[in-house]
Amino acid sequence: MRVTVHQLAKAYGYFWALRDLEIQVAGGERVALLGPNGAGKTTLLNLLAGLIYPTRGEIRFDGAPLTRQSNAQRAAIGLLSPGEHLYDDLTARENLEFFTALYDRQRGPINIDNAIEETLEAVGLGRWAGEYAGALSSGMKCRLSVAKWKLLSPKLLLLDEPYGVLDGGGVDLLESFLKAQSEQGSVVIIASHHVARVLDLCTRAMILEQGKLIFDETRREPWDSFARAFGAFTPGGNR
Amino acid sequence: MPQVTGKKRKGILGAATLVFIIAGLYWGLVKAPPDAYQGDSQRIMYLHIPSILIAYLSFFLVFVGSCLYLWKREKRDDNLAYGAAEIGVLFTALTIVEGSIWGRPTWGVWWTWDARLTLTAILLLIFIGYLMLRALVEDESRAASSAAILGIIGFLDIPLIHMSVYWWRTLHQPPSILRPDKVPWENIHPELLTALAINFVAFVLLYFYMLSLRLRLGEMHEEIKARRMR
Amino acid sequence: MKLLRQTLLLLRKDLLLELRRHESLMTMFFFGAQLLFVFNFSFELTPARVSELAPGLLWLAFLFTGTLGLTQLFEGERGNHCLDALLMSPIDRGALFLAKTCFNIFLMGLVELVVMPLFWILFSLPSWQPLPALFLIVFLGNVGFCVLGTILAAVTLKARARELLLPLVLFPLMVPVILATIRCMEALLRFGELGDALPWLRLLIGFDVIFLTVGILIFDWVVDV
């Protein structure tokens, strides 16, 4: 999987949420997407997920443009926002059953029912598999989202602030899942404000500010240049 | 040949429109003889028939603009559909008002559920729905694509609406006295046809003049937007 | 086949959610039943007049309850942005259209199955004979109403005041369905057979087929930003 973003721009009203973005990410990379509120992180994730349409520019996956998504492209992209994209009135298990069927994972070589049970156990939801998703706490819902994408295993996994509601065990679970995904050649992009955590996990960092990419560097131990650039928007940091 | 600028072209179009409207008024009001049965009230037909044809033309252009927009996502095509719809509302409403003015002396009522009147009223409602939709969707590209879908569906629906409304008035009820007779083209006075033709040309010119202004307005909106972008 | 399988999957999910939430069916049913009372107060429905007015009144009641269903159609997908989840998934958008259409047809059908006999009882219509044929006509009307209604419900999804906007754009386009259904029902009630109303039936079926096809083809653009 290779993601190429070329001259990407998105306007809301009279306001550029993103402008002239040039990004190339290859499979196996884990990208930390950082930046203050309103920098355009979620807009970028939504554009990559195909939920909104760019005002200008293009996005390519392995060379194929995303402007009119094919089903194959959609199957390869996952967006994990904690608590979102789950049916509150379906049980945890039913949610997973529904989405695996939707992504046509029912007829693979593995028995999907077993896989669902195993995954539920693995994310620590075994006891709550029969509960409605709406009755789960926000942390458990987030674990359910992790279980969903674990089963669907997308080639491009986008995460929108996944850390906020997870406990320590949940974070470990999420991070080992993300590492496993990128080791399989998937691209992982995480937008987050939990800078220390996300930098620790990722192999590359990008900073957006006012819709522009102001920093983009692959990890070299330690994050020297990054720490300097990052001072630009931490509370108390001076420009 | 010197290059004709957009402004100049519009000026020529506007002048031609004016000439044809004056000629049309002269022919329609003075030169053409009054109708044998309906007298002078028939003269409104010189406006009425062109306006309804223009209304249909608008629908067609909305359809064309909508298809093009969904296909290529060019703001220009959306502008065409939007502009055609706005002017379409004007001409559809005009058609109904003219019909009413004509209906009062001819049929004795302002309004009757005649097939043509009903159909025109439905067209007006569809156009208004289209504009309402545009006004109520905030996101611009979303408004454009939503409206484009409605424009396409509305256009596809028109033949069915047309058929059903005509059947409703003919199959269901016996033809009433209020039903307007079909225009007997062969018995028509040549001056009447000339007046109609001139007015038709005048309306088409007027329509495209208005549309070109409307398209320019759309472009200017885009320019303003580009300048105000932060 | 894939289209059908995905449609059934989505439809099953919608039915399951309706079973648990009771959001649409009950409101639609009680609204339809209430309309019968309102009609009674407004029209002085004597047995002589009721046969004549029945087709129009019934179809009007179904039109309103159907609109109620349409405004709720995508409401269940709003919580947790579930519609986004569906749109991001690799399903054919035509399947989404078909599932939502079938769901609303099903709800309208259930309401009608109760409301129509209720009408017969409340207004003591003389003959129950035409009822099955009437159901069939009403069903075809439902199909036409729901195919176009689903497209427009999706089109108005991101609009402000969408519940008010939907009937406004929908009803003018629905004229062929309204006229055809009522004319067919009239013929059935008056003569016990379609007779002269046969062209209306053809128009109704034509409308259903045309917009069902258009819906499947166009829905990709409808839900696409």
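Observations
Chains: A, B and C, in written order; residue numbering restarts at 1 for each.
Everything that follows uses one rule, which is that contacts are C-beta pairs under 8 Å (C-beta built on N, C-alpha and C of every residue); 3 or more make two chains touch, one makes a residue touch a chain.
Just so you know, these numbers come straight off a predicted model, no measurement behind them.
Among the pairs A-B and A-C, the greater number of C-beta contacts is found at A-C.
Greatest centre-to-centre distance from chain B is found for A, with centres as Cα means.
As a whole-number value, the distance joining the C-alpha centres of chain B and chain C reads 32 Å. Centre-to-centre separation between chain A and chain B, using Cα means, comes to 51 Å. Chain A and chain C have centres, each the mean of its CA atoms, that are 40 Å apart. Looking at chain C, residues 224-225 sit in touch with two or more other chains.
Shown for chain B are the residues that touch two or more other chains, namely 139, 141.
Residues of chain A in contact with two or more other chains: 53.
The residues of chain B lying in touch with chain C in their complex are 70, 122, 125-126, 128-130, 132-133, 136-139, 141-142, 145-146, 148-150, 152-154, 156-157, 160-161, 163-165, 167-168, 171-172.
Of all residues in chain B, those touching chain A in their complex are 73, 139-141, 225, 228-230. Here chain A touches chain B in the complex through residues 11-16, 53, 55, going by the rule given at the top. Contact residues of chain A toward chain C in the complex are 49-53, 68, 71-72, 74-75, 77-79, 81, 83-90, 94, 98-99, 101-104. Looking at the complex, you find that chain C touches chain B at residues 148, 151-152, 155-156, 158-162, 165, 168-169, 171-173, 175-176, 179-180, 183, 196, 199-200, 203, 206-207, 210-211, 214, 218, 221-222, 224-225.
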